[in-house]
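For reference, chains read A, B, C and D in written order, and residue numbers begin at 1 within each chain.
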Amino acid sequence: MAFFEASEGPWPALLIGVPLLAAFTAIVTWRAARLLIWSGAAVVPVLSVVLLARVIHAGGLRLPIGGWAPPLGIAFAVDGLSAGFIVVTGLVMAGVLLFALPQFTASAPGAAESRAGYAFVPLVFLAWAALNALFLSGDLFNLYVALELLTLSAVALVAIDGRSGTIAAAIRYALFGLFGSLAYLLGAALLYAVHGTLDMALIAERATADGATVIAGALMTAGLAAKTALFPFHAWLPPAHSGAPAPASAILSGLVPKASFYIIVRIWFDVMPQAAGTIMPVLLGVLGSCAIIYGSVLAIRQEQLKLVIAYSTVAQLGYLFLIFPLAGGGGEPQPWAAGAWTGGIIHAFSHALAKAAMFLCAGLFMEALGHDRIAGLRGAAHHLPLTVFAFALAGVSLMGLPPSGGFTAKYLLLTASFAGGQIGWAIVIMVGGLLAALYLFRPLTYAFTRRGLEEREFARVPRPRQVIPLLLAGLSILLGIASAAPYDILQIGRPHAAVEGLE
Amino acid sequence: MSVLDLITILFTGAGTVFFIAGTAGLLRFPDTHSRLHALTKADHLGLGLIAVGLAVQVASPLLALKLLLVWGLAVLAAATTSQLIARVALPPHLERQKENAGQ
Amino acid sequence: MTEMPVSSAQLFGLCGAALIGIGLYGFIAHRHLLRRLVGFNVIGSGVFLLFGSTGYRRVELGADPVPQALVITGVVVAVSATALLVALIIRLAQLTGSARLPEESPGGGR
Amino acid sequence: MMPLAFDLFLCGLVLAVAVAAVSGRELFGSIVFFIVYGLLMALAWVRLEAVDVALTEAAIGAGLTGLLLVGASARLRRLQAPEEETGSRKARAATAIACLSIAGLIGAAVLLLDPRAPGLAPMVDCSLAESGVGNPVTAVLLNFRAYDTLLESTVLLVALLGVWSLSDERSWGGHGGLRQYARPGGVLATFGRTLPAIGLIIGVYLVWAGSKQPGGAFQGGTVLAAVWLLMAVAGVADAPRVSNRLLRLGLVAGPALFLAIGMAGAMAGDFLRLPPEHAGNLILLIEAGLTVSVAVTLALLVVGPPQRDLPHGEPS
């Protein structure tokens, strides 16, 4: 209770309450969807920034909910990491909703309610509430409920297109996702049985490396890794992410897997770092490396743009897991750990922004062309220059070229692996960047080819919609240009051991 | 051992026998409908007997009434569900016949 | 009170662990999606039973209500997931005539 | 020794039925075994002195889940979706060994737990007086950890949105695809008219009793949902159109009321705080709202996506 003042007041609650209220309203009346999107996209990101400002001002916050302090009650736990994720979520969600506005809301005042339109708007708001709830939560079981809310809305979003292929993809995703949630829940139950609380901060104080705790950690990690599509649990991701409508794909690929990754990070860096041992971090790193190589190679082989982007997500999620061998593990904190940890998180942010931008670009290509075959992108740069530019900008971040957020992230990871004498990870990171260049240059090359211009029919795409992916891609670049700010913000509320080091 | 105890043993014992018979039917009968037949008849007679056997043991008459109420509700619920299951379990061709006949 | 080799709480906890294994088998070994769903629900109730059993270790204090409340929440979440999956499976069968997932191919896609 | 022997027997039975449910030769039989399994599970919960969970397990875990599965198997059979053949014997054996070792690992974790750990029971007892209710499980669900329950009530909504979105484009806004099984004037139709009254009383009683005894919004709501479904199946009431505004209000009423009370607290300083002097009434209010929403949502989840246009000669 020491860190909390009543003046911190309603910000965390509003970040969950406002999207929920929007979702409830949208369930009752689809006519309000347009208004809800505009106001939601305006209000919630502002709330996230206010929360971030409070965190910068006051440091980490702990707010017991309902006046019941843990272990009996649940507390919001906010630090730089959670505030950062909430702001990125806010930006991506706002962009996606505005992008989807003409697609999923009434075009004319008297238009009839449509199936997909009715479901899409509340589902996105519910996913938003779930993401915010997840990043704000300080309680393991509460995380489970938020995670399930997120998973089910994500599954519904995958299936919203209604074709048999996407239904099958949604089922496969649901099976992986729900199984992952159960494994996580089992781990949380065991931790409660050992420590008598579900509050993460309290468990961190009490945690030891006893057998039951280690088994619990392994179960939770396995379940969450399946939800994060870590190799070899990645099979569900490409069909699910490429089959959904573009705005849904942007959320699914940019944000949803980050949520389960966030929990893994919380578990191994905050809750029970001493139980990590030496094998688990290396195993996660190896699987991450496999994901980078395997995902990239398959991305190169795809013929459809959305599948390229989806396989690229498999690869890019792999980088996130390199922070476990580079920054984690039991034993004394290493001087390079803070750099690697921050690099991994910045990678998550920049990938969220860049990948959302890419899927929105793919959506625009599909709208203009009616398909997303790479070979059919000829002339795109001429007809949709803004979109191609946004795609290229996002690509710069994914490849890790300066001055993007992706570059900062990979630079920090590389530095850490050299500093720690773990050259193997560095090689994987560099090879991964090279492969990313290969799979992204192919669509870009086609887009810039002018040959065969006359045979391609490009439908007109309104300019404001083209600006949204451009803004998102621009933000992922900005993350690299102004990399000092996210670096400092992420250290807020971190245990001291992790902050020292790389200066 | 009082007379009441004897009644309890007698009734619950008889109830158990019916349950076992019902379960044997469930396991041995060839199709859903005959299994249903075994279950609904035997088990609810068994449940009633056990409820009576227990009712004579409890202290307050209200509690005894509750036990019997449980039996009554179980019978009603079972009658309804068995109707439903029986209809769901009709093979498709019979079902279509039934639908055609109904319309 | 005589020392038992296992307590009731441990017994039900072990039973939960075994149920998880049984459910997992059904979840992995079958291809028919409804059967996988049955497996999923068996895993779920095994997890719940294990969770609940740990709240029953100190009988003299009374059963711990926190795991009970959380299990109720879990059961409701599980039925929500089951309902969504049932609808998806039926839709898949309506569209493709089969209640199984098409085989995976690394080409992925439609 | 007797209780332990009974527990041992019960666990053995549960495991045997679970094996039957997972590996039954035909799908329908395996689902029936799953329902039996759920009921035995409820018995296990009673043995763990968790009557609230037992009620939930019986109503939702066995009843509603069973209903969903039975309904699905019937629909699949009507679609003539073929039954399956499982993989090779070798693959199945490998799977079985893997599952066995995972279960063993989890079992080991169970045995490693400290048998004397008290959990939070003493703390719940201490704060029970301030919670506004006498049933500790209800106190945890609707006061100490009310936030979980708020999110949980929206999970149901997400599932329903997902189910609805699976309709045909042209059936959107129409009625749910529930089949009516009753012949007019048949046994089922009679039950459909007589049982709802009893069910209504039981459902409301479960919610009302939840503040002091086992019961609550989710258990009561399930019973009410079952009553409604029974009426629909028996042809007494029709599944409503998904475009019905009143229906949609009913869906969100409970969670929205819950959220409103929570936000009122947040504005006063503490999200979801229930002042001890009003906590009892507020919880009853939230439970009443949740019961309506849970009942409507669960019933509609069973009904499934909108599938048919206005049925002929059926009063809406």
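Annotations
Everything that follows uses one rule, which is that contacts are C-beta pairs under 8 Å (C-beta built on N, C-alpha and C of every residue); 3 or more make two chains touch, one makes a residue touch a chain.
Model, not experiment: these values are computed from the prediction.
More contacting C-beta pairs link the chains of A-C than the other of the two pairs B-D and A-C. Inter-chain centre distance (chain B to chain D, centres taken as mean C-alpha positions): 24 Å.
Chain A and chain C have Cα centroids lying 27 Å from one another. Mean C-alpha position of chain C lies 14 Å from that of chain D.
Put simply, the C-alpha centre of chain A and that of chain B have 53 angstrom between them. Residues of chain D in contact with two or more other chains: 71, 80, 106, 109, 113-114, 117-120, 124, 145, 148, 152, 155, 158-159, 162, 166.
Listed for chain A are residues 141, 145, 148, 152, 155-156, 159, 162, 167, 186, 190, 192-193, each touching two or more other chains. Within chain C, contacts with two or more other chains are made by residues 20, 50, 54, 66-67, 70, 73, 77, 80-81, 84, 88-89, 91.
Applying the touch definition to every pair of chains gives A-C, A-D, B-D, C-D. Taken together, the chain B residues at the contact with chain D in this complex read 32, 73, 76, 79-80, 83-85, 87-89, 92, 102.
Interface residues of chain C, counted against chain A in their complex, comprise 20, 27, 33, 36, 40, 43-44, 47, 50-51, 54, 66-67, 70, 73-74, 77, 80-81, 84-85, 88-89, 91-92, 95-96, 101-102, 104, 106-110. By the touch criterion given at the top, residues 6, 9-10, 12-14, 17, 20-21, 23-24, 27-29, 63-68, 71-74, 76, 112-116, 118-119, 122-123, 126, 129-130, 133, 141-142, 145-146, 148-149, 152-153, 155-156, 159-160, 162, 167, 186, 190, 192-194, 196-197, 210-212, 215-216, 219 of chain A touch chain D in their complex.
Chain contact summary for the complex, chain A toward chain C: residues 141, 144-145, 148, 152, 155-156, 159, 162-165, 167-168, 170-172, 174-175, 178-179, 182, 185-186, 189-190, 192-193, 235, 238-239, 242-243, 298, 301-302, 304, 307, 310-311. Residues 105-106, 108-109, 112-114, 117-120, 123-124, 127, 143-148, 151-152, 154-155, 157-159, 161-162, 164-169, 172-173, 243, 245, 248-249, 251-252, 255-256, 259, 262-263, 265-267, 269-274 of chain D are the ones touching chain A in the complex.
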